[in-house]
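So the structure is just underneath, and the comments pick up after that.
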Amino acid sequence: MENTQLKNAQDLWQPLSKAERDADKIVRPSMTYWQDVWRRLKGNKVAMGSLIFLVFLILVAIFVPMFWPYSYSDQNLMNANQSPTAEHIFGTDKHGRDLFIRVIYGARISLTVGIAASIINLVVGVVYGGISGYVGGRTDNLMMRIVDILYTIPLTLYVILLMVWLGAGMKSILIAIGTTYWISMARIVRGQILSLKEQEYVMAARTLGASDSRILFKHLVPNAMGPIIVTMTMSIPSAIFTEAFLSFIGLGVSAPKASWGVLANDALGSFMLYPHHLFFPALALSLTMLAFNFLGDGLRDALDPKMRK
Amino acid sequence: MGRYVLKRIGSMVITLFVITTFTFIMMHLVPGGPFTSEKKLPPEIERALAEKYNLNDPISTQYFDYLKGVAQGDLGPSFKYKGRDVSGMIADYFPVSAQLGGIAIAVILLIGVPIGVISALKQGTWLDSFVMLFAILGVTIPSFVLAALMIYVFGVKLKVLPTSRWASPKHMVMPVFALAAYSVAFIARLTRSSMLEVIQQDYIRTARAKGLSEGVVVFKHALKNALIPIVTYIGPMAAGILTGSFVIEKIFAIPGMGRMFVESISNRDYTVIMGVTIFYAAILVVMVFIVDLVYGVIDPRIKIDED
Amino acid sequence: MSSENLLDVKNLKTSFFTHVGEVKAIRGVDFHLKKGEAIGIVGESGSGKSVTSLSVMKLLLNPGKIIDGQILFNGEDLATKTDKEMQSIRGNEISMIFQDPMTSLNPVYTIGDQIMEAIIKHQKVSKEEARKKAVEMLRLVGIPSPEKRIKQYPHEFSGGMRQRAMIAMALSCEPQLLIADEPTTALDVTIQAQILELMKDLKDRLNTSIILITHDLGVVVDVCSRIIVMYGGLIMEEGSSEEIFYNPKHPYTLGLLKSIPKITEKSDKQRLIPIDGTPPDLLKPPKGCPFAPRCDFAMRICMEQSPEYTQMSPTHRSMCHLLHPDAPSVPEINGNMNKEGQA
């Protein structure tokens, strides 16, 4: 007994090996950047809820019309202006068309406009901003000056003018929105490229003999992705809103196809009598925009490396 | 300072020139002429109209004539309303829109900014969450949806507010609110996040370390810095109010320039569309200039003088 | 003994109550400061040195809180004072300057305005009097053409001048104590020397006590008569400048001294020896000595128990198991000591 006690006491004064010293260290599991981003996003309940809602909405928009008994143009004047019933979940409009399916079709159109326009903005903006930022110097100055002049005027005015020129319809809307909103994207991309240009790995890639365009697209652009993704997510609701706005002033898609904006506009005249005409498209529009905004906010928080806990 | 102002005026003129040209090109590229939407006119009348509006002159002549006119304030005649010219129509309808827009901007600044400040100071409390919830709704619910909602609740169900025209202060409540809602929400969020960021700064710690009261720290040291990004937002805000007025004036049947513009679009009244676009552009360009001046006054790091 | 002390900190404990748990930033710190004395608190980031000064000034922001201890300033316990009471002490009797003078000065107000507001608040004089005093202070810290400079903004000053202006601002109400938190870290080496020289000079002229906080031992040697070495929220060693530099009795202090670059004849042969490893996680503070995982002389007992303080002289103490009579002999630390632990 005494021996062990003595042994223990003497043990205490034994020097520790490095391995024993490191035993207590808390090691954080290393993760790749994108895993980290996804982990953070998952923790944001509101953003995840929005993401789920949007995925659900897209699935509904794609699949429901395939088996729904009514189509968006089936008229049945005897059933006109009905309030929601079991048969017509959202009621009917003034031509007796099922409002539910029209709202779903509206989702198709509004979402298509939103996403397609954003993709166009993305491509144009990335190319313009990427070149401007990478080439730098006088070219950059000139390109940015042009952007500054264009930026002074509200883009909505341009869109309106373009629509007047191009005439109504889906294609025109895409062209009009796609050729105006790229400006903010271009600015952001350029800013990212400028800061990334200074980073060391560009030098490293250069010393390995990579050509200029390779540097641009393989190294710089993926790292600028963060703010680009956020901007794109936020530009979808802008595009959807702009389309609704255009419909409101009479420049939207043509009947009987209807986006949510067109549905809302049509409902204006009679909504005091039949509020459900306006309520459902407006609700769909608002919820979708809300969801994209929350998702964009969540992505922005998740992509910000300074928040790494 | 004088040189800066001259430089800016110069660039404003250039911007307007570019916009005038662009608008002119757009309108003249539209397929068909300005009269295509009307019933088919007998050829003699068409010729007479073309003569009257100089439509047979080469494009370049039309262009320079137009430029000359714009510089003198003459934006040409309306194609739709015979006997009226664009500048006259603008003069008639602009005052109402100016009132609507002006009140909206006042509301945005006098309500939105303080709300943002209070929210920042009470960060994390239920008040903050409450305000932020409303802010998110304000930013995502489109103005026309909000307008319709308000008309339904206050105009139809409760019958407390008039739902159209612009006759008395009571008439102004809903349109102004619907028009301003987005920007109030945006500016409240912006003020809040700006304030929160400023409060973290080192110079606020220094101010406290000097023994200044919390009131002085917040309202003297923090606020001025927090306002800087807000001033930057005023430009886009004015643009938003302007475009928002198209929809609001239509819904509430307000006889303003926005509604006139929207009608001229459906009527394909090209001179009116061009003239109003240029007029709007001029307003915004001047606003951006004023904002830049204010910016230079608030933030001493911005150099106005070039020496 | 405590009656002659300007500042007497007893068993100070400060924690940050974050949503991941309580981070124990300071775990029981005692030190004192006499009138006209300059002491240095040295340690790495996370050692608790800045938190100590913020605790003294009661400038801790949520979620930080002082959870135990006393901070006796001229006999009064600051730990129990309200914020309003502290406002008349801050800037007036105790002043503080910070690391980065560019971000520590408000960019939208003139230097003059920022100096004058403290003077007006604490000394209740007119604007004109305050302005005169501000000019005088700028001259005192060596800024040329002070009447012109007073109307300028921080971005119009150079780095060194800004720090001088901050010192002027801090000393404008002639406080009894000046706390300088890393005042030279953001400055060029040559400017560093000037600022330290200035501080020493002002200390002598105005009889202001100074607490100089830094991670760089080289900075404190000239200005401070006593040095406190902190690590992991505790004081590892405390002694006069000579004792710390020539007779360090703690492995951490030894490590810090070894990592100072020195210019000697053999400079090309000398290597900088950094201390391996990272500071401890204060969310789950170690039960033993906080430095043990990085200590070259660590023993099993070091991971199990926190050491007691061993007093080597009236001014010199150290918290290390190697100073225990039963510890094995380690020449660098306890080589010169007899069984009673005396040097």
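All chains are identified by letter, namely A, B and C, in their written order; residue positions are counted from 1 within each chain.
The rule is simple: contacts are C-beta pairs under 8 Å (C-beta built on N, C-alpha and C of every residue); 3 or more make two chains touch, one makes a residue touch a chain.
If you want to know which protein each chain is, UniProt gives these names: A = Oligopeptide transport system permease protein; C = Oligopeptide transport system ATP-binding protein.
Keep in mind it's a predicted model, so treat the numbers as computed, not measured.
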- prompt: Counting only C-beta pairs in contact, which pair of chains has the most of them?
  reply: A-B
- prompt: Which chain is the middle one, judged by CA centres?
  reply: A
Field: subunit A and subunit C, separation of their C-alpha mean positions in angstrom
entry: 49
- prompt: Which whole number of Å gives the spacing of the CA centres of subunit B and subunit C?
  reply: 54
Query: Cα centroid separation between subunit A and subunit B, in whole Å?
result: 26
Message: List the residues on subunit A that touch subunit C in their complex, please.
response: 9, 11-16, 20-22, 24-26, 309
Residues on subunit B engaged by subunit C in the complex (per definition of touch): 201-203, 205-214, 216, 221, 224-225, 228, 298-301
Statement: Per the touch rule, the subunit C residues reaching subunit B in their complex are 57, 59, 83-84, 86-92, 95-96, 98, 100, 103-109, 117-118, 121-122, 153, 155, 166, 169
Statement: In the complex, subunit C touches subunit A at residues 20, 281, 284, 286, 292-295, 297-304, 326-328
- prompt: Where on subunit A does subunit B make contact in their complex?
  reply: 149, 152-154, 156-157, 160-162, 164-165, 237, 241, 244-245, 248-251, 264, 268, 271-272, 275, 278, 282, 285-286, 289-290, 293-294
